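For clarity, chains are labelled A, B, C and D in written order, and residue numbers in each chain start from 1.
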Amino acid sequence: MSNSLGKLFTITSFGESHGRVVGIVVDGCPAGLAITEEDIQRELDRRKPGEELVTTARKEADRAEVLSGVFEGRTTGAPICMVVWNRDVDSSDYQRTRFLVRPGHADYTAYIKYGGFNDFRGGGRFSGRITAGFVMAGAIAGKILNIIGVEVMAHTVAVGDIAARPAEVDQIRRKAGLNRLHCADSEAAGEMMKAIERARQQGDSLGGIIEGIAIGLPAGLGEPTFDTLDGELARALFAIPAVKGVEFGSGFQAAKKRGSQNNDPFTIEDGGIVTTSNNAGGVLGGISSGMPLVVRVAVKPTASIASSQQTVDIKEMKGASLEVAGRHYACIVPRAVVVVESMMAITLCDLVLRAGLLPRVIK
Amino acid sequence: MSNSLGKLFTITSFGESHGRVVGIVVDGCPAGLAITEEDIQRELDRRKPGEELVTTARKEADRAEVLSGVFEGRTTGAPICMVVWNRDVDSSDYQRTRFLVRPGHADYTAYIKYGGFNDFRGGGRFSGRITAGFVMAGAIAGKILNIIGVEVMAHTVAVGDIAARPAEVDQIRRKAGLNRLHCADSEAAGEMMKAIERARQQGDSLGGIIEGIAIGLPAGLGEPTFDTLDGELARALFAIPAVKGVEFGSGFQAAKKRGSQNNDPFTIEDGGIVTTSNNAGGVLGGISSGMPLVVRVAVKPTASIASSQQTVDIKEMKGASLEVAGRHYACIVPRAVVVVESMMAITLCDLVLRAGLLPRVIK
Amino acid sequence: MSNSLGKLFTITSFGESHGRVVGIVVDGCPAGLAITEEDIQRELDRRKPGEELVTTARKEADRAEVLSGVFEGRTTGAPICMVVWNRDVDSSDYQRTRFLVRPGHADYTAYIKYGGFNDFRGGGRFSGRITAGFVMAGAIAGKILNIIGVEVMAHTVAVGDIAARPAEVDQIRRKAGLNRLHCADSEAAGEMMKAIERARQQGDSLGGIIEGIAIGLPAGLGEPTFDTLDGELARALFAIPAVKGVEFGSGFQAAKKRGSQNNDPFTIEDGGIVTTSNNAGGVLGGISSGMPLVVRVAVKPTASIASSQQTVDIKEMKGASLEVAGRHYACIVPRAVVVVESMMAITLCDLVLRAGLLPRVIK
Amino acid sequence: MSNSLGKLFTITSFGESHGRVVGIVVDGCPAGLAITEEDIQRELDRRKPGEELVTTARKEADRAEVLSGVFEGRTTGAPICMVVWNRDVDSSDYQRTRFLVRPGHADYTAYIKYGGFNDFRGGGRFSGRITAGFVMAGAIAGKILNIIGVEVMAHTVAVGDIAARPAEVDQIRRKAGLNRLHCADSEAAGEMMKAIERARQQGDSLGGIIEGIAIGLPAGLGEPTFDTLDGELARALFAIPAVKGVEFGSGFQAAKKRGSQNNDPFTIEDGGIVTTSNNAGGVLGGISSGMPLVVRVAVKPTASIASSQQTVDIKEMKGASLEVAGRHYACIVPRAVVVVESMMAITLCDLVLRAGLLPRVIK
């Protein structure tokens, strides 16, 4: 396993879905940053599911606890360990189906990799629940980015085959928070909600697409050749369970364009250099251009569905059918929005430090 | 800059397009691997452009030279430094347009990041030419993977709006090498060639999509939470100039599917566990499942086009128009196919070592 | 800050002396290792001070708690987070002398580095207390090493100017645990104890030398050129507060020898290759030779002494005199013995994994 | 193998004693640094042996070649690859004694680790010759440090049992360069030279002690808990062949002192905080204090001696006697002085960047 991410701003993830705790250690945070448990909690609460999106609700009244690295209301330069305790955990169903590997989940691959010793309950390390740690770290990263005027936001742009209409940054900022879907197009959000409800009633699930945007990024972030802005972000985003694709700017659509269409012409505006379009999504040669960073993430439909599925009993090595019990989110896209923001903030924070754009002590 | 990639099998890239050399150091290669300069050269030759794809040809009779790490025809366990020397280099045009940042290129971002000290000639570090180093490293990685029965292949699945028909692994293996496009669908390859020629005549360029496949991967590769199989591959693939998107299995299409469609049912076949479909693209929870690894990469249209473009003179800080001189590949997709293979092989090799699946000495 | 150590077996340290917790995350531990909180506790207890060595006792009834990564009595392959909670903490004295930087401590350097935001109470991150985390991680590493027949032990070889007589491995194993000093020479141990008591009564402190030994190491550990066996161990050992020197084998004495004396002749014994002496301390060219690994560590006298010392008030920027209150260990050498063992075990465990000598799953 | 060192300022070493080349890649060097091949050559020349120190001279008219990363006389931000070509290489003797592992050398351990595939000629990767790469990288690091007013120097303080008298920084700066021994005490230098000559005539060799000093270091360098100033330096210094011990400030002598003697009192001088003694050697809690950094390195006597030695034939697995042919340096201490400086400069440069004390572009 390799549970650390980042070179100067480093997070180390630990904990399991049904273990005692889910947590994160943030190392490399500049000293002097004002931070409270409430700041962390606020982001954590944004990750909560709307009841209506859930078939079987797990009450996650998660409370962020800061165990180290903060003193007198400010970061000390020391590693910041944060945890949420696991409560309201019922693992009995998982015990019953222990050897029936769930399609679309990591049960099989984890079983092979860890020789069957992995904590399988609720998916263990592979549960979406470990992203609670990502969000706590993201809360800190976000505060750091704010200092240099960087704002990170994400919103739902598609659920199943329902796509939101394109939205301007300002519209996303104002409207995405108004609905459970974190979708800036409230009309589309209504349709998405209905589609999710339909899927839920059919014991099925939906995926979608989340777009992340960072505004105010200075040009010059990213450490080519290999620790590029896009490469580092992609790696971080693929750590979110269910992500199957990552694209920047015009992304896969770029493949269909001509160079004359896809190249973003440079011009001078207000004394600075900008491009008149942003097909690059704010990244050229692995380095930020100063234009908005735009990344889109494909989220597969929730693997846990209520219907019966074909699988194998990995112990008996024979075919089996499985009805996944436990809680199901018919669509995890809305919950993943804040996680996308968090992984972006964490990655950008590391690259900001690596580019030498932030002092080690914040006054 | 950060020019190293990989934890146990590590490559370090160096060199510039118009400098003395392009090279790579491969560190962590097991001792005892039989390797010759011819093995390296063979892969390097596959990266050569077809003359018909190029508007202005640079004669790249690149010869791979192994400077260290190989003794008596075998790797020694020591770092392997390989170079190709730059010859036939004419930088005069680049000097003339030094401060006219080329749209779609890294000229602007590199200028900002390196304070104008970067070697701008031919794109310097950001030239596609540095991938010659990747391919030399990939040749070694490929040989290592062969030992454990892993085969990596890539092929062109789309150029502009022309898509190849889906192909089986065996078909790709037999047919992709037969045309300049590295496309397993020879009919589509013909159409692609025509489209590229048309774009070229119009002073324009095309992008496309490359699919990479790895066969024979054992289940269990990938180091979650953060050094996942998909995340590590994505990071490596984004180091290839012009890549704007990476997806696995059903990828962005997964977002439109339902869980019941997208989940791959498990079954037992020949005494082993397989899935009856492969929407996951061979990766579940960031770990290989033993099914074919399938990744698709979006390549943007070549940024260098012959037409006049709007840009700025970064020194004078005023608008300008630019006609990019130098050599143009109207479509770099075909050349990038072997680079995709190389980055896949390098990344897989690292993960194979990290999973403890390869001895440190090959007998 | 950089609070992670190790490439495949990685520890991440967190917590402060007077904060809520001291802890460690162990990442990369093979799955399937049988481990209990009692195993951890046993090592932790060995770190406890003897009452007689302490001027002002802090009651550290530390209980190791495993928060993650262990399931059904075995490691799961997931990161193992372990903590001890800080109790019996009185920080009032530290508040009073907050700006009087203590000579020999990190108060001044931490103040400068972290802009005064560091948690200064009890030394914060720089307290010997954080080594409780090292010891918990070391307990796991030790269990792993036992699997491949490696035994790590440390003992006190000098306190102040009292040196223990040279001891054989077997003698160290049997006798070092019998006294508070962890000294294999019980007579010298008695003298050491008296010397410490004398220093204590004079409000002063003593240093000493600890020797660490690893038996049963296979030849071939260490990753030259830079991640050598000796270099990696040295780096880990310098993380122990108060360590000022590290030497291997004949160490600084080697500088006075001739090559003909210092070279260890090879011979064959029981069908294997050994050396007839061990001036190399088991490491040649940064790689283990299969002979016992022998490292010695210089521990400076405890910086906290009861006498009045000259210092400055860092806020007022003026001279001051300071009497350090709080608990004083007149000699921390005995407590550091188990910490030396732990850092050795952790480092060796990483190198064993890197050498490919341990499977990722322990059956 | 692991041939990279440093997190932000990273060197990657390659090449062998009798291969084609010895080289280094320096990654992370700020852009804009003025550097010429002559700057590199000047340091490289300081590594040359005095003829009188050598029994059998190898003519090393090494010429530093910069292959990448420098353009128009300045660093570009791209990786800097530098090589010296191996010439005047006669490997015949090494072929003859291929399986007779030389006592005190890495022949045996390398044979085991790399399964006999290592390039054994002249010690291959384990030859002192690879330090030519360290010195080239050190030349760049030294230039960077100069920008922020840091000066690194090293000098010989002991050869065999002859110790130089303690010297002030100014004396070292003026006098150490005046003799072949790099010893600031010219009288002792004369004695050392005689002792080396005696050892040489007897077919034997001597070791010694080198002291490295860094002046002008800002307080605050070092990244505890694990990437400490002392720990990182120790790791880098142990990469120099023949180093068996590293100590800081009073080092092993600290073990014999009392806290009241060893603690360095703080005082105010010229408006800044200093200590009135420097037993700490400029490092407290793993962080630089602003006082001179003082490190001492124990160098074992040259393993290659002209006398007959007992060893084994590793292929036949039987005892043998060996007279090492090839060139012998009766004492490598003088040659290692510049290497100690180089490793210090490289390490300090990395920590300076990590502490955020240097911009990424030097104007």
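Just so it is clear, a residue touches a chain if its C-beta (ideal position, glycine included) is under 8 Å from a C-beta of that chain, and two chains touch if they have at least 3 such contacts.
Predicted model, so just to flag it, every value in this text is computed and none were measured.
Path length between subunit B and subunit D in the chain contact graph, taken as the least number of steps between touching chains: 1. With respect to subunit B, maximal separation of chain centres occurs for C (centres as means of Cα atoms). Looking at B-C alongside A-B, one finds more C-beta pairs in contact between the chains of A-B. Here the CA centre of subunit A is 27 Å from the CA centre of subunit B. Once the centre of each chain is set as its mean CA position, subunit B and subunit C turn out to be 46 Å apart. Counting partner chains per residue, subunit D shows two or more touched chains at residues 1-4, 7, 13, 110, 113, 125, 354-355, 360. The touch graph of the protein chains shown is complete.
Interface residues of subunit B, counted against subunit C in their complex, comprise 7-8, 353-356, 358-360. The touching residues of subunit B, when paired with subunit D in their complex, are 1-4, 10, 12-16, 19-21, 23, 25, 27-28, 31-32, 67-69, 71, 74-81, 83, 110, 113-115, 117-119, 124-125, 360-361, 363. Contacts from subunit C toward subunit D in the complex involve residues 1-5, 7, 13, 101, 103-106, 108-110, 112-113, 125-126, 130, 158, 160-161, 199, 203-209, 219-220, 222-228, 230-232, 234-239, 241, 243-252, 254-268, 271, 273, 275-276, 279-281, 283-290, 298-305, 307, 309-312, 314, 317-319, 354-355.
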